[in-house]
Every structure is written in C-alpha cells, then in structure tokens.
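Across the two complexes that follow, subunit A remains constant while its partner is subunit B and subsequently subunit C.
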Partner chain A sequence: MNHALGISSYLIAAPMLALLAASLVPVMLKVFSGNREPHPFVTTAYGFIAVASALGLAITFLGGSKFGFHKALVSDGLALWASIIVLVSGAFSIFMMHDHVETQSKLFSEKVFLLLGSLIGMLIVVLSNDLIVTFLGIETMSLCLYVLIAMSRETVLSKEAAFKYFVLGSFASAIFLYGIALIYGTAGTTQFPGLMEQVGPLLESRNHLFLIGIIFVVLGFAFKVSVFPFHFWTPDVYQGAPTPVTAFMATAVKAATFVAILRLFQSTGYQHSVPLKEVISWLAALTMLVGNAAAIMQPNFKRMLAYSSVAHSGYLMVGVVAAGFGDSQGVASAAGIVVLFYLLAYSIMTLGSFAFVALLEKSVGQALQVDDVRGLGRTHPVLAGCMAIVLFSLAGVPPLLGFFGKFGLFSLAIEQNFYWLAIWGVLNSVVSVYYYLRPIVLMYMQGDDAPHVEMNKQIMTRFTLFGSAILIIVMGLFSSPILSALKSAILGRS
Partner chain B sequence: MPMNSLIDVGLSHYLALSAALFAIGMLGVLMRRNVIVMMMSIELMLNAVNLTFIAFSRFRDNMDGQAMVFFVMTIAAAEAAVGLALAVTIFKRFREVNIRYFEHLKG
Partner chain C sequence: MAQMPLLSLIVFMPLLFAALMALMPGNRGVRPMALVASLIQFGVSLLLFKYYDASTPALQLVEQHSWIPEFGISYFIGVDGISLWLILLTTFLLPIVVLGSWNAIEQKVKAFHVALFALQTAMLGSFVAMDLVLFYVFFELSLVPMYFIVGIWGGARRVYASMKFFIYTMAGSVLMLLAIIYLMFAARDTEGLGYFTANVLELYKLKLPFTADGLMSPQALLFFAFSAAFAIKVPMFPVHTWLPDAHVEAPTPGSVVLAGVMLKMGTYGFVRFVIPMFPEAAEHFGWVFLFLGAVGIVYGALVAMVQPDIKKLVAYSSVSHMGYVMLGIFAMNTYGMTGALYQMLNHGISTGALFLLVGMIYERTHSREIEKYGGLAKVLPIYTIIFFIVTLSSIAVPMTNGFVGEFLILLGSFQASKLIGAIAVTGVIFGAVYMLWMFKRVFFGEKGELVRDEKHPLHDLSVREIVVMAPLLVLIFWMGLLPNHFLKYSKSSIDHLMQNKDAYQLGVQTMGDAVNRSASVLPGTLLPETQEADSKVTAKANMTGAGVGR
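For the complex of A and B:
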C-alpha cells in the first residue's frame, strides 16, 4: 500500500493551509512590534485578505469529486458551496468586529486570529469524509469560539455565556464521540462511503448498538445547530456574546454543521429503521415549534433573533429528514441542493439582521429591546428600509430570497411524502410572520414622537446590512440561475 | 460453567464498564455545580469513550480505533486548557467557581 500523499491532497487542503498561514500574520505582527496593537484597519485588512485568498483557492481547487489524505477529505460540490457560505460569513463577521464596541479593543488582532482559526475548523467539517475528522473540525471550530466569546470587553455576560457554551459544548462533543465509538465498533469504519453501505444491513438486522451510535451522533450535531433537546444554550449564548461573534456563530457554524449532517444521511439504508425516522421527524417538528413560540414572547431583540435561528434549524431539519428517509433515487443530492440554498439565504439574512442590532447597540452590555426600534422609519429611513427587507425575507415573503429557500425545502418534503412535516413547517412560518413584522410595525407606524438617535458611524456594519438587503432582492429575483448552479455542482460529483 | 463469565473478560465487559463510566461522567456534568468538578466529569466521559475505542479495536483486530484514541486525547487536552483558562477568568470575575451565581442570562 502506498502511503505517500499526492499533490492533490494538498490542493484540497490549500484553503485551510492558506487560512492557517495568513491567520498567524496579525498576531505575529503584534509580537514583533513589541506587543503594540496594530491599527485595527490593518488587522481587518489582513483578515479579509486571508479569507479572500482561501475563497479563491476553494473556488479553484474544490469541486468535482476528489478525495485527499487517504479519503479522509472529500472535495465535491457540497464542500465547495458550503466553503463559500462559511468564508463569506467569516469575512462579513470580521467587518462587523472591526466596528463593534465590544470587540474593538487592545486584543483585536487575537480575535481576528481566533475567528480565522474557527474558519479552518469549519472548512475541515465541510470537507471531512470521516466521522473522526468531522469531530476534529467541530472541536477546532468550537474551541476558538469559546475563547472568542470570553474575550469580549464586556465582563459578566460574556464570561457566563462562554462558560455555558463551553460546558454544554464539551458535553455534547463527548456524546458525539461516544456515538462515533459505537458506530466504529459495529460498522468497522468511520469513513462516510463505507459507513453508508453498512447502514442498511446493520439497521435491518436491528443492531441496537449501531442505532444508539447514530442517535448519539445526531444529538451531538443537534447541539451545534441548536435543534430541540439541545437548544437551551442558544438564547443565552447569543445574547452574551458580542453581536459580530453572534452573527458568526449563527451563520457559519450552522452552515458547516448542517453539511456534516447531510453527509451522515446520504444513504438509503436509513429507511429500515422506523424509530429513527420518527425521532428525527419529531426533532424537526418540535424545533420549529419551540423556536417560534419562544420568539413571539421575547422582548429582547437579540434573544428573539436567537429563537428565530432555532426555528430556522427546524426548517433545515425537514431537509435532513427528506435526505435520509425519502424513498426516491438521488433524494440525498436533491436535499443537498435545497439545504445549501436555504443555508445561503439564511446566512445572508442573519448577517443583515445582526448587523442592524450591532448598529443600534450604543454602549457595552446594553440589551437592545424590540421596542427600541420605534420610529426608526422616520429618523433613519434607509436603515429601517434595509432591515424591513431582511425581516420580510426571514418571514418568507415572496419574491425575496427567504421565500425561495422555504419553498424549496417544503416542496422537497411533499415530493418525499412527508406531508405533515411540510404542513407543520408552513403553519410555523405563518406564526413566525407575527414576530418578524412586529419590528417593522414599530419602525413605521409608531413612535412619531421618538427622538432622533445619533448612531455610531460603523461604516463596515452599515455596508453589511445594505449588502445583505441588496443580495436578498437580487438573489431572490435571480434564484433559478443560483439553484441550477448548485444543482450542477452537486450532481456533477456522482 | 457459570464461573467462565467472571473469568473470561470479553468485549461486553469492557463495553459495560465504559458505559458505566460514561454515565457517571454525564451525571456529574448534570448534577454538580462546581466548575472544576464539571470539567473533571467531562474528562471522565471522554476517557470512557477511549476505553470503548480500545476495546473495539482489540476485539475486532482493527487498529483504527487505537489511532482515534490519540486524536481524542489531544482534543481532551486542548479542551482542558481552554476550560481551565475560562475557569480562571470566571474566578476573577465572580470570586467563586460555582455556577449558581450565573443569573445574568435568563428569559
């Protein structure tokens, strides 16, 4: 057996290697200039160059259907598009960190370093072809995030949030790892292609250890994407973390982890287990319900967005259910297309909404309430207009981007005979319209006496909000070319 | 012979032991309120997983499991480093390593 690694392995890993090399530049600069913090703009520029070069390398070398490092990494259309989503979210989060009052401090270059390190972990997750590599990626991503949250200038809330996230995250990782151990023991392999062939026979012969292993792995993933039994940390951590970091967690972490979940459910063998199908369908249904019900009652703006992100995880789980338990040929690829499109739409909308929150937060540790947006339509018409577009899209109003995302997911569920899940999803998105429209009503129809609030400049955060509003309209109008690009990228691999 | 099940230690014994260790660790995380004890319990869970990997590797003649243990040990060390650093900052801020003082994030 030849153990040498070809150049193709390194080409697949090139985006990660570039990120690793470039992420060292800001901290090294600081060390060699006598521990003096470089100008934040310089650090931001380095961060942006790092992400942009990784993006360029990803677009150049990923795609097709290539394996690297003895099939530990796979480079296909799913990996390519997920890397693009993750890296773009990372770039916008760096922009927002540059502006925000809680992240711009003496330790800014370290924060950019940690964010880039977290991006490396996410790229490992989306490229991974082996459960243990997925675990390594998830841990790299999470360990950087724990420190990133704790390093906020604000003291009490962020420390508490970081420790809650750390304890629950390590707890979930241990459960995830136990699942991997049981799968390894029963299937004899942890690589996805070999594992997917074993799923059918093992579930058919009622191998309980294997079933428990799969359930543990799903629960570990459920924590990272805040799916129902493990969603309790989400509002606390999203509120306690600095807003740019929250935006990063809500978009990039979720995108990377959902791609790993899709890779786990790429087999038709799961249909042999009715209990597994029931469990995962109910997880999806309850996640939607819990997220939307809690968001309705939430007066705090960031917590409301956190619960709304829980609800969006529920919608995405419908796609996962269709991928794993649908019965037609090639359903996993079809689910990959709609889930990736939804992740793309969701990331753009979430970045925009958290940019809006970051713009309104004036002081450290201030809890922005939904009522604080009263009268903003009169005092800041452009900002309010952009936020209204983002919120309409989150609610799923056509012809904006969010509508096409939801339409794709629910029509896939109906094609695969999951009628009740699709109907439940539509009902839930009707409920969600209430809390998405409340800020719009407050901005435009109330608060005629609201004083003109002076806003911080935060040019890059404004750019993020405007950019996401424009992308929502443009990509909503041109959603079919994007969908066909996704389709050719994903179907091209097999 | 009834004695054989006690003398011949097989795969199921190792699995039962590691499951018990894992459950003890899980209970520790869920029930203890001291930050340091919670981290110790997480270590216990990870080491229970290591035992599972080793047992499967030994009884199935597949060396992959032994390699995975090295990854898990590395991750456990990294996690402990970050966790202890967090515990220090929490002690500096709250003057206590007990999570019953965590009451700022609710709702």
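For the complex of A and C:
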C-alpha cells in the first residue's frame, strides 16, 4: 500500500489550507505590532480575501468524485456546492461582524480568525468521506463557535448561550462518537462507501448494535442542525450569540451538517429497517411542527427566527428521509440536488433576515422585539421592502426562491411516496405564514404614528440584506441555471 | 409570420406600469398616469378580438418557452373561449377601479396603484397560464397585493381580515400544489408521455385511475385537492367565511377587484382544470358541488337578508351568486356551463357596480348601516336610478345581463337534477327579496338620520362617478339584450368541452395560425408533430431534479 499522498490530495485540501494560511495573517499582524489591534476594515478585508481565495480554489479543484488522503476526503458535487454555500455564508457573516456593535471590539481579529477556523471545520465536514473525519470537522467547527459566541461585549446572555451550547454540544459529540464506535464494531469500517454497502445486510440481519450506532450518529447530527427533540438550545443560543454569529450558525453550520447527514443516508439499505424510517420521518414531522408552533408565540425577533430555522430543518429532513428510505437508486443524488438547493435558498433568506435584525438591534437595544418593526414601512421603505421579500420567500410564496426550494423538496417526497410528509410539510408552511407575515403587518399596516428610528450606517449589513432580497427574486425567477449546475455537479455529467 | 407576444404583453404590461409608478417621485400625478395606463392596457387587450378565432376551440395565441426545465415548468400561455372573457373582464374593470378610487384612497396613493397593477398581472397570468405550476405561481402571487390592499387601505379590522384571507386561501392551495406535483410525476410515469411536465394540455391526456366507490382512488383525491383550493377561492359554502370579512374591510376598489375578478379565479379553475382533468371524479362527486352550490345560493341569500351593513349584504350576495356559477359548472351540460361562464361576467359587472355604489355613498356619509339611510331617492335621484338598474341586474330581471346567466344555469341544473333546480329557483326569489328590501329601506320611506343631516347635505353623483358607472350600465343592458354578441366567442370552446369531457384535449394555435385562417388547426388537433417531438426531447434531457439518476 502506497502511503505517500499524491498531489491530488493537496488540491482537494487546498481551500482549507488557504483558509488556514490566510486566517493567521490578522492575528500575526497583531502579535508582531505589539498587540495593537489592526483596523477592523483591514481584518475584514483579510477575512474576505481568505474566504474568496478558498472559494476560488474550491470551484477550481472540487467536484468530479475524486478521493484524497487515502479516501478520507471526497471531492464531489455535493462537497463543491456545500463548500460554496458555507463559504459565501461565512463571507457575509464577516461583513456583518465588521458592522455589528457586539462583535466590534479589541478582539476583532481573533474573532475573524475563529470564524475562519470554523469554516475550515465545515469544509472538513462537507469533504469528509469517513465518519471519524466528519467528527473531527464537527469538533473543529464547534470549538471555534463556542468561543466566538462567548466573545461578545454583551455579558450575560452570550456567556450563558456559549456555555449551554458547549455543554450540550459536548454531550452530543460524545453520543456521536459512541455511535461511530458501535458502527465500526459492527460494520468494520467508518468510510462512507464501505459503510453504505454494509447498511443493507446489517439492517436486514437485525443487527441492533449497528442500528443503535446509526441512531446515535443521527442524534449527534440532529443536535447540530436543531432537529426535534434536540432543538432546545437553539432559541437560547441564537438569541444570546451576537447576531452576525447567529447568522453564521444558522446558515453555514446547518449546510455543512446536512451534507454530512446526506452522506450517511446515501444507501438504499436503510429500507430494511422500518423503525429507523419511522423514527426519522417522525423527527422530520415533529421538527416542522415544533418549530412553527413555537415561532408563532415568540415576541422576540431572534427567537422567532431561531424557531423558524428549526422548522426549516424539519423541511430539510424530508429530503433526508427521501434519500435514505426512497425506493430507487439515484434518489440519494436527487435528494442531494434538492437539499442543496433548499440550503442555498435557506441560507440566502436567513442571512437577509439576520442582517435585518442586526440593523435594527443596534438602534433599539439588546433584545429586538417583533413589535419594534412597527411602522418601518413608512420610515425605512427600502429596508422594510427587502425584509418583506425575505419573509414572503421564507413563507414560500411563489415565485420567490423559497417557494422553489420547497417545491423541490416536496416533489421528491411525493415521488418517493412520502405523501403524508409532503402534506404535513405544506400544511406546516401555511402555519408558518402566520408568523412570517406578522412583521409585515407591523411594518406596513400598523404604527403610522411610530417614531422614526435612527439606524447606524452598517453599510455591509445593509448590503447583505439588499443582496439577499435581490437574489431571492432573481434566483427565484431564474432558478434553472443553478439547478442545472447543481445537477451536473452532483450527477457528474454535463 | 409575425409573432407578437400579445398575451405576454397584456399580462405583464400592468407590472411594467407598476414599476414605472413606483419610480415616480411623490404621489402627485400617479392617478392620471394610472388611469391612462389602465386604459392603454384595456385597449391592448381589445386587440384580442382581432387575433382571436371564435370558430375553433383550440388554444390560441400560444406562447411557449422553457422556464425551469429541471422542475418540468414551462412558460406556456394561451387563450380560448373559456378565458377570453375573463381576461377582458379583468382589463375592463381596471380603469373603472382606478377612476372609482379617485377619492376613496387618500393615503399612500402611489403604493396603492402599484399594488393594484401588480395584482392585475397576477390575475391575468392565472387566466392565461396553461402550465399548472405557472398557474399556481400566479394564483398564489395574487394573494400578496390583495393582502396589502386589504391590510393597508382597509377598515378597522383590516389586519384580521387580510390575515384570514391570506391564510385561508393559502391553506386551500398548498394541497393543490401537491396534487400538481403528483400529476407531473403521473405524466412522467405514463406510457406515451414519459417526461416530467406541468403542461396542462399534456396532463389532459392522463387517464388517472378512478374507482366508482373509492374515495381513495388517485383521481378522486386529486379532484378534491384541486376542488378545495378553488372552492375556497370561489368561495363556496361552507368555506366562504373569509369573504365577508375581506369584503367589509377592503377599500372599495379592493372589493371590486376581489368580487369582480379574484373570485372567478376559483370558478375558472373548476372549468379549466378540474372538470377536464378529472372527468370521472367530477361526474361521480359532482352532486356534492351541486348540492353545496344550491345550499350556498339559499344560504347566502338568507344571510344577506338580515345584514345591517350594505357592504356585508353585497358580500353575502356574492356567496349566493357564485353558488349559481358552481351550479352551472357542475350541471355538466352545455346550458349550465354557458350560463356559468356568463354569470361569472355578470357577477363581475353587477357586484362590482354594487360595491362601487356602496363606496360612493360611504364616501359621503362614512356609514354603511342600512338603518341610518332612508328616503335617499328624493335627495340623490341619479344615484337612485343607477342603483336601481344595478339592483335589477343583480336579481336577474329579464333584459339585464343577470337574467341570461341565471336562466341558462337554471335550465342546466333542471336537466341535471330537478330537486337542485327547484332549490336554486327559490334562491332567485330570496335574491329578489333581500335586494329589493334593502333598496326600499335605503331609498324610500322616512328620511334616515344621515339623509336628514342638514349640516352635511348629500350631493348627487359627480361627473366622474357617472363616467365610472356608465360603461357598467351599458354592459348590463348590452349583455342582457344581446347575449349572443358575447357568447359566440365562447361557444365552440364550451361545446368542445361538453362533448369531449371524458377525453378532453385541446389543439394549439400560435398567433400566425390565427391570422392566416387557412392554416388553422382542426379542433382537438394536438401539438404539431415536430414541435411535440422537440419539447419531449428537451424535457427528457432536462429531467427533474427529483427524477435524476435513474
């Protein structure tokens, strides 16, 4: 066996290496200039260059089903597009961090370093071809996030959030690792391709240890993407973390982890386990319900968005169910396409909505209430208009991007005969209309006497919100090029 | 052959005008511009008569482009005898609404007209869309501007009403979306079609399994999924409860558009999609809709009778009138269907006119309570005459448009079921009762407190208001006396639908074909061979995301 690593391994790892190299620059600058914080704009620029170069390298070298590092990493369409989503989310989060009062501090360069480190972890997760490597990636990603959440100017909530996330996250990691151990013990491998071949026979022979291992691994993932009943940390942490960090967590973490989940469910062998199918379907169904039902009752804007992100995890789980328990070969690839498209849509919408929160938060104070947007349609028409587009898209109104994301997911569910999940999903999206329209009601239909709220400049955050609103319309109306690019990347043909 | 995208122009011109208006600085000059714009789009829509060929049921002025082939969605629009008049009704009402709302809308004038014109595009789009997903997009999109119109410019409980409207309608239509997706997969898995498509003409060819006793057969379930969406939109008893709320809270122009056009999107959906795509289920479960239609007629009339609020009375009369349309559609014969189509137009005109009239008096007194009026006839003679004519049209007196529609529907429903016909006829009587009783209380007798009020004397209709009402009055008599002027354009389409309802198919004509009559396609001819083959190849090459990799 040849132990030397070929150049192709390093090409696959190039985006991560670029991120690593570039992320050190601001911190090093600080060290060598006698612990003087460089200008935030310089740090932001470095961060942006790091992400942009990683993105360029990812687009150049990823894709086409190559393996690297003795099959520890795989570079395919799934990895390519997930990397794009993750890196773009990261870039916008850095922009928002530059603007936001809670992240501007003497430690700004450290924060950018941590965010880039977290991005490296995410790239490891999406490129991983081995459960152990996935675990390493998730830990890298999470450790950076724990610190990032805690490093806020705000003292109480963010510390509580970081601690809560850390304790629960460590617990979830332990379960995850235990699951990997059980899987390795029964299947004899932790690499996805080999594992996928083992799933069918092992589940058919009712190997309970293996089943428990799979369930533990799924639970570990479920925690990261806040799937019911592991979502309880989500509102607290999303609320406590600085808003740009929340946006980063809600988009990039979710995108990376869902790709890992898809890799785990790339086998038709799961059909042999009816209980597993039931469990995962119910997780999807209950996640939608809990997220939407809880969001209705939230007066706090960030908590509302947190629960809405729980609900979106539920929709995404429908794709996972179809991938794992569909009845045909190739359904996993199809699921990859629709799930990634949904993640793309979801990330754009979520970045926009948190940018909106970040813009208002600064002027209104710590906890932005939904009621605070009263009368915004009159005082800040452009801002309110953009947010209205984002909210309509989150609610799934055609022809916006969110609608086509849901269209893809529910099409897949119907094709694979998961009718009840599809029906449940669309009914839930009707429920969600209620809370997504509430800010619109307040912005446009009430508060004609509301005072004019001054907002600080926050150019980059504004840019994020406008950009997401425009992308929602344009990519909604012209989603065909994106879908065909996704398709050719994932199916490996043009 | 000159290929002008006339239909696209008609559909998207209002959106273009909306964008132009949005770019205008300030609110001044918006109204005249909106009026001119609405007249232009009505004028352009009249061009349809030039290019429309009434002799064939084929789908005409067809435009077809690929939109999102990965999801099997295409931009496919066309017009036939079923949609022609609805398009014209929509474009006809817009200038009237703009002129009618001249004084009714005082705040955010620009935003209001932008919403109104955007709504116009959504409504027109849903009447011409021949791709189910495209239809769904327009159908849902129409909720957004209407939501804002009710919610921003509405009355005291506007937020509640607009929210109820939005959620009610969306709840109905999401199940239709799933049914659409199911149909698309059914098309893919069917021999002969074999690709993922939402093209309505292709979906007509599907033979969906139906078992007479089985509520659970696919066709029956799809039928109910579609019907639920459209029944809420119509709205049909017992899912009509959003309508009175929305109407009462909506500003006058909103009510006119809502009653005049938006409700027709529901009945149009039944004629265009439900009956031809699920013929057996429609035949088998049609009695449910006949029955609910008849109940709706009587119920709407009885509830209207006791309303203290004129606008609410008109709103409930809508429930009753739309019950007639449903009755006509599910009578499943030519009389009924013709009457239903005609009644859709009648309802748009006479109920639209009623809402406008109610709005006019409301602008003067800021009250809609019937009790507070009385003796208006002595004070406002012109208003009274116009109101009387519209009332007659609404209760379907011979020589007015309402009579033709209701008579045809009753003929059709007696053919379908004597009992239902008998129930429906009592509705005619109740209709006369509530309208005439209301008329009597408002216009005759003792002068009510608002009419007596010396400090605020009432002025009769201004020239603007008469100009608003005049075209409606002309149409009331024109459609009442010379129905054939209108029906001849729809005849071949209706006949074709009724004769072939078990195996309904439509041919297509592009604009070139229609001008050059000699090249016109025979009824029922399918897509020309080459075109069909082409579209199949592209669609196959671009299989859905969900269906890839097999």
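Basically, the second predicted complex is superposed on the first by the 489 of 494 C-alpha atoms of A that agree within 3 Å, B and C clash if a C-alpha of one lies under 4 Å from a C-alpha of the other, contacts with A are read in each partner's own complex, and residues count from 1 in each chain.
Simple rule for what comes next: contacts are C-beta pairs under 8 Å (C-beta built on N, C-alpha and C of every residue); 3 or more make two chains touch, one makes a residue touch a chain.
These numbers were taken from a predicted model, which means no experiment stands behind them.
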Which of subunit B and subunit C A:Ser333 touches, first, second, both or neither: second
Subunit B versus subunit C as contact partner of A:Gln446, first or second or both or neither: second
Partner chain(s) touched by A:Tyr315 [first = subunit B, second = subunit C, both, neither]: neither
Contacts of A:Ser480 with subunit B and subunit C, given as first, second, both or neither: second
Contacts of A:Asp236 with subunit B and subunit C, given as first, second, both or neither: first
A:Val397 touches, of subunit B and subunit C: first, second, both or neither? second
First (subunit B), second (subunit C), both or neither touched by A:Phe210: neither
In the complex, subunit A residues that touch subunit B: 132, 135-136, 139, 143, 146-147, 150, 155-157, 159-164, 166-167, 170-171, 173-175, 177-178, 180-182, 184-185, 188-190, 235-236, 239-240, 298, 300, 303
Complex contact set, residues of subunit C against subunit A: 66-71, 133, 136-137, 140-141, 143-144, 147-148, 151-152, 158-159, 162-163, 166-167, 170-171, 174-175, 177-178, 181-182, 184-185, 542, 544-550
Residues of subunit A that touch subunit C when the two form their complex: 328-331, 333-334, 337-338, 341, 392, 397-399, 403-404, 407-408, 410-412, 414-415, 419, 422-423, 426-427, 429-430, 433-434, 437, 441, 444-446, 479-480, 483-484, 486-487, 491
Residue numbers on subunit B that touch subunit A, as the complex places them: 15, 22, 25-26, 29, 35, 38-39, 42, 45-46, 48-49, 52-53, 55-56, 60, 62, 64-65, 68, 71-72, 75, 78-79, 82-83, 85-87, 89-90, 93-94, 99, 102, 104-107
